[in-house]
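Paired with subunit B in one complex and with subunit C in the other, subunit A is shared by the two complexes that follow.
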Partner chain A sequence: MFPILRLAFRNVLRNKGRAGFTVGAIGFAVLMTLLLGSFIVGLGNEMIDDVVKGKVGSLQVHRKGYDDVRENQPLDLDFAESGDVVAKVQAVPGVTGVSPRLVFSGLAANGSQSTMIIATGFDATAEYKVLPRANQFLVGKAVSGEVANGAVFGFDLATALELKGGTGGTIQAAAKSGQQNALDFELRGTQNNGNAFESKRTVSVPLKWAQELLGMPGRITELAVSTADREGIEDVAARIRTALGPDYEVQTWKQLRPNVDDVVNFQRLILGAICSIFLVIAIIGVINTMLMAVLERTREIGTMMAVGMRRARITELFLLEAAALALIGTGGGLGLSLTIILTIASKGGVPANAPGSTAIYHIIPAVPFGLLAPTILAAFLGTVLAGVYPSWRAARLNPVDALRSL
Partner chain B sequence: MALVQLQGIKKSYQLGKTEVVALKGVDLTIDKGEFTVVMGPSGSGKTTLLNIIGCLDRASAGSYKLDGEEIGHRDFNDLAEVRNRKIGFIFQNFNLIPVLDVVENVEFPCVIRGENRKVLRERTLKIAAEVGLTPYLHHKPDELSGGQRQRVAIARALVTEPQLVLADEPTANLDSTTADQIIDLMLKLNREHGVTFLFSTHDPRVMEHARRVVRIHDGVMADGTEAAKVESDRLHAAAVH
Partner chain C sequence: MFRSLLLTLATALLVPATAFADPTAEELLKKYDAVMGPVNFLASIEMTAHRDDGTTRTYKMSVLKKGDDKFRATFAEPAAVRGQEMLRQGDNLWVYMPNLKRAVRLANRDSFQGGDFNNADVLRVNYQADYTAKLVPDAGRADAWELELHAKTKDAAYDMIKLWMRKADSQPIKGEYYTASGKMLRMADFTDFKAYNGLTRPGKISMKNMLATQRYSTMSWDAMDTNVNPPTGKFVLDDLGK
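Right, the complex of A and B next:
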């Protein structure tokens, strides 16, 4: 081994307690960053998957202007269920599934009480292909082709109307023509994903049933679309826009649920801030260790200077010592954090609430690949940089004064 | 032939607002192969003089030639090079590097100048044998006695094949028997290798063996160089007989 490097490693180990503390601080910073990062990334993934694979799809297609009046669930901005639009979307590379939907508002009644609802009619086969997690919080049976009037209610809504599986009621809605229609439904199951609004107001019904209720056979108001991967959503959206032209609008899940994207980004910002604090604490520890080393070894530095060691080599020696601390600390922290992350992930993650929800999710910590390189780099370079000032002080010592030191 | 030539060397320090003058104009010439002692009371300036001769410090004024080359005004790295190539140091406190073993300590000055390791190792083992360190080659300094540590320091000073070895109170921390052995060793190395030794010491045993004693008092040579040389010649002759 290069003699100076060997000397640096031996110097690091000469005060094992202090070196251990410093290495521990660096390792702790790396461990906490990656561990926290793995859970933040895991939680973010869970929240995004909940939206993308459980509620809205990767993106949605509507007639132009729909988004401006979305709150009214307009029926006049409709299009054909099996026409040119659906075919064009299905043909776009990157699209893996398309679910035609008819979204409307109305009243659900149990015979004695009624309440306002927002309902989505969909074809079960297409819907569950686009939203594989649509029924993750389902109790009972899902909407399917088997029962033509089978509906799934939000849990609080079903409770308020005193509905149970197998019981039924009536849903009343204004048809596209303006005429009020009502159809009987049978409650198949309830959904309780912890979102209060969805639990109190939403209903899922078969598409054909909704079309019959609203007098809109073969018509829909939106397409929920799934894509091959989450990263390529923007590109797929752009291709669909090009394919459909200006009469249709395409919105990704980020535009449909901006709060989820904001929460995920905010979590990552907080993560960055917390990790920076850990790193600063570790760096202060390194500076302290290195300054102590310079102080304790002043006469030794003087001796090395006396026998002809140049200032640059003295700097190099102390920087190598800092690098050795960085290497051991970063490597240890990295190994430990990966072990913990992979162990927890292999055991199915940890249960937790997503923000804004009372439902229990299982957060599976994911190795934060995006964080790995910055964390390792920041810990390593931060530690080495922390050694710069002590190294500079060591190299600037006057040999005579250094030799006189006790 | 002159190895060290000092002319009008002055050294002053600034201590707060006070200027402390350590050397007030020293003229000194040391020939190659000499075994010379600088003596004087504490605060007389002998350590400052040795520091300047050892290129550890620079004079405020005057001329310093080592082996005919003016080196008094060179920068830090040049002086480091001079120390590495031409000067060996033996310190009162041995000043060994605790994490290195005997061989590594001895080789250290040559390693930092990138010398061929095989050639260096042969020379190290030879010198280690000469100073009696062969059984302790892989011992760490804290596993050695004071006398053994000083032998390591001597070997380290000689391994670079310097022209001048400076020894600052080399026997001060040794018992009398060990001190005698160390003095004998240095005398032997002086005779056999022709290395010039310059000591700062209060030890009368070292002075007994010195061929020349240079006295310094309050930053000036207490007596003329020639007078000192006559005295040291007399001491040397007495010691030999």
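Right, the complex of A and C next:
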């Protein structure tokens, strides 16, 4: 049906060794790009999930101006726990959960020593719906409705205060009015997510307990919100902004934890650079192979021209040979890499440390369309383009000179 | 004749009884403010903060007060805070950082230089304004009156204070400072009573942190002069650092 295509494939197979090396180089480039890429995408997903499903939620809502003074954990920018704001956010399409929180700073004491803390009060049911991974690094028991003064401390903080599960102490904080207040807590568990600051400073307590400590019954300073899917977060944030008006500010996880977004983007940049190097090396190999083929088959090209084959057909033939190499190499690399990736993913991924953390994450390699399509396209088109110069040289040969060559 | 004799006798008996009657809570509170925060004064004070880890840090400062609500503290030691100043004007409080050449606002409840006194303990001694007082009938000790002070406003540093004042001379000897939840936050012992240019008062306060008992701070008054009348211009933000 396509004699020239059949001819191209036959030509490729004439020198099986060389074709094998070329196809191997292309396949290796595709394999490495997809393997490396899938793990970097998996690591990025894990880091984002850790933040979105374990710490801050997809987005957060505060009173206007909160972000400027966030470091002071202001209590005067508060709002009602079950008022209009919460109802409006819950009604926004795409919102799957809302957790009211009260964030404050204070001192935790064990009776003889004290240290500074940043604490978050939340309702356990709402919080764990918004943050299903909130307790992934928990040792002991979580904050729950069962123990009214049950607290979870960062691991280093609990160690510094010599606190163990079941023991307790006092948390002292300035109430919204400015007066100092203090309440006893019972340590339920510790969190060790590998983040040094969080391990040394953070405490989780029941919302009602925090409201009592701070003299703020029914009041909160923050809403953590979960959304149906990660891709639609910006749209949901925009809808919440419209629903709440100018008195409230809405920030997505990218604004709340810009370092995570930066790290993920940087990893993807490095991935792009490494993959480009793989592909460039493979393409240089293809150019070399094709130039060798043109050189070796100069007389053959002269013969084809002498019997009436047009220059365009010569170009087409060599381009098709490049395409054949690309097809076999890309297909082989794709098949092998997908087999490896799917096998690892089906076995629950690979345990590893996220950058800057000692906690163990399970990286599940993923091949999103945004990685797969450019890799296949770059490998295939790159290889075909690598055939352009050799095929152009072949087509420019003078038939008489070509026939005379050795 | 008999009636007038009876009246004279009754009056004679009544006068000494009134003269030796227990002071009211308000009178004791007034005395506390007069002793601990005279209207105007210039004092040299040393504070030593004992921290959880066993380390100590000593601060030397001079404190100038004018009227009810103007305070200015200037730190001389340690070197790290030399030149630092704290200013109180009414309900506003600032700390001036010489290296930044600017003043930063502080809260009454914040710890005074990281020790166990808060800013209000040192720079806002006006219990009559901040608390209502009542005498506790059974003080638990024969030599002292026990006062229970409740915050009048939410601006007061503590929700409740228990204060013991010596019956002999109405000097404060002990204080307990409580949170709204009823927890004792700090406990103070007033000791080393001395006369400073005619004003007898405690020369030292030991403030113990009751939530973290390894922490405590002492504050000693090396000198105090109540015969000063500093100009109002010393208590403005623009004058800090000069």
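Assume the second predicted complex is superposed on the first by the 405 of 406 C-alpha atoms of A that agree within 3 Å, B and C clash if a C-alpha of one lies under 4 Å from a C-alpha of the other, contacts with A are read in each partner's own complex, and residues count from 1 in each chain.
The definition used in the following text is that contacts are C-beta pairs under 8 Å (C-beta built on N, C-alpha and C of every residue); 3 or more make two chains touch, one makes a residue touch a chain.
Every value quoted in this text rests on a predicted model; they were computed, and no experiment measured them.
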item	value
First (subunit B), second (subunit C), both or neither touched by A:Pro3	first
Partner chain(s) touched by A:Leu403 [first = subunit B, second = subunit C, both, neither]	first
Which of subunit B and subunit C A:Ile281 touches, first, second, both or neither	neither
First, second, both or neither for A:Arg310, with subunit B first and subunit C second	first
Partner chain(s) touched by A:Glu300 [first = subunit B, second = subunit C, both, neither]	first
Which superposed partner A:Asn11 touches (first subunit B, second subunit C, both, neither)	first
Touched partner set for A:Met116, first subunit B, second subunit C, both or neither	neither
Common ground on subunit A, meaning residues reached by subunit C in one complex and by subunit B in the other	none
For the subunit B and subunit A complex, residues of the former touching the latter	51, 54, 56-57, 76-77, 80-81, 83-85, 89, 91, 93, 95-100, 104, 108-109, 111-113, 156, 160
Of subunit A, residues touching subunit C in the complex	107, 109-115, 170, 172, 174-175, 177-184, 212-213, 215
Partner subunit A, residues of subunit C touching it in the complex	52, 107-109, 118, 151, 154-159, 179-181, 183, 185, 209, 211-215
Subunit A residues within the subunit B interface of the complex	3-4, 7, 10-11, 14, 299-300, 302-311, 313, 398-400, 403
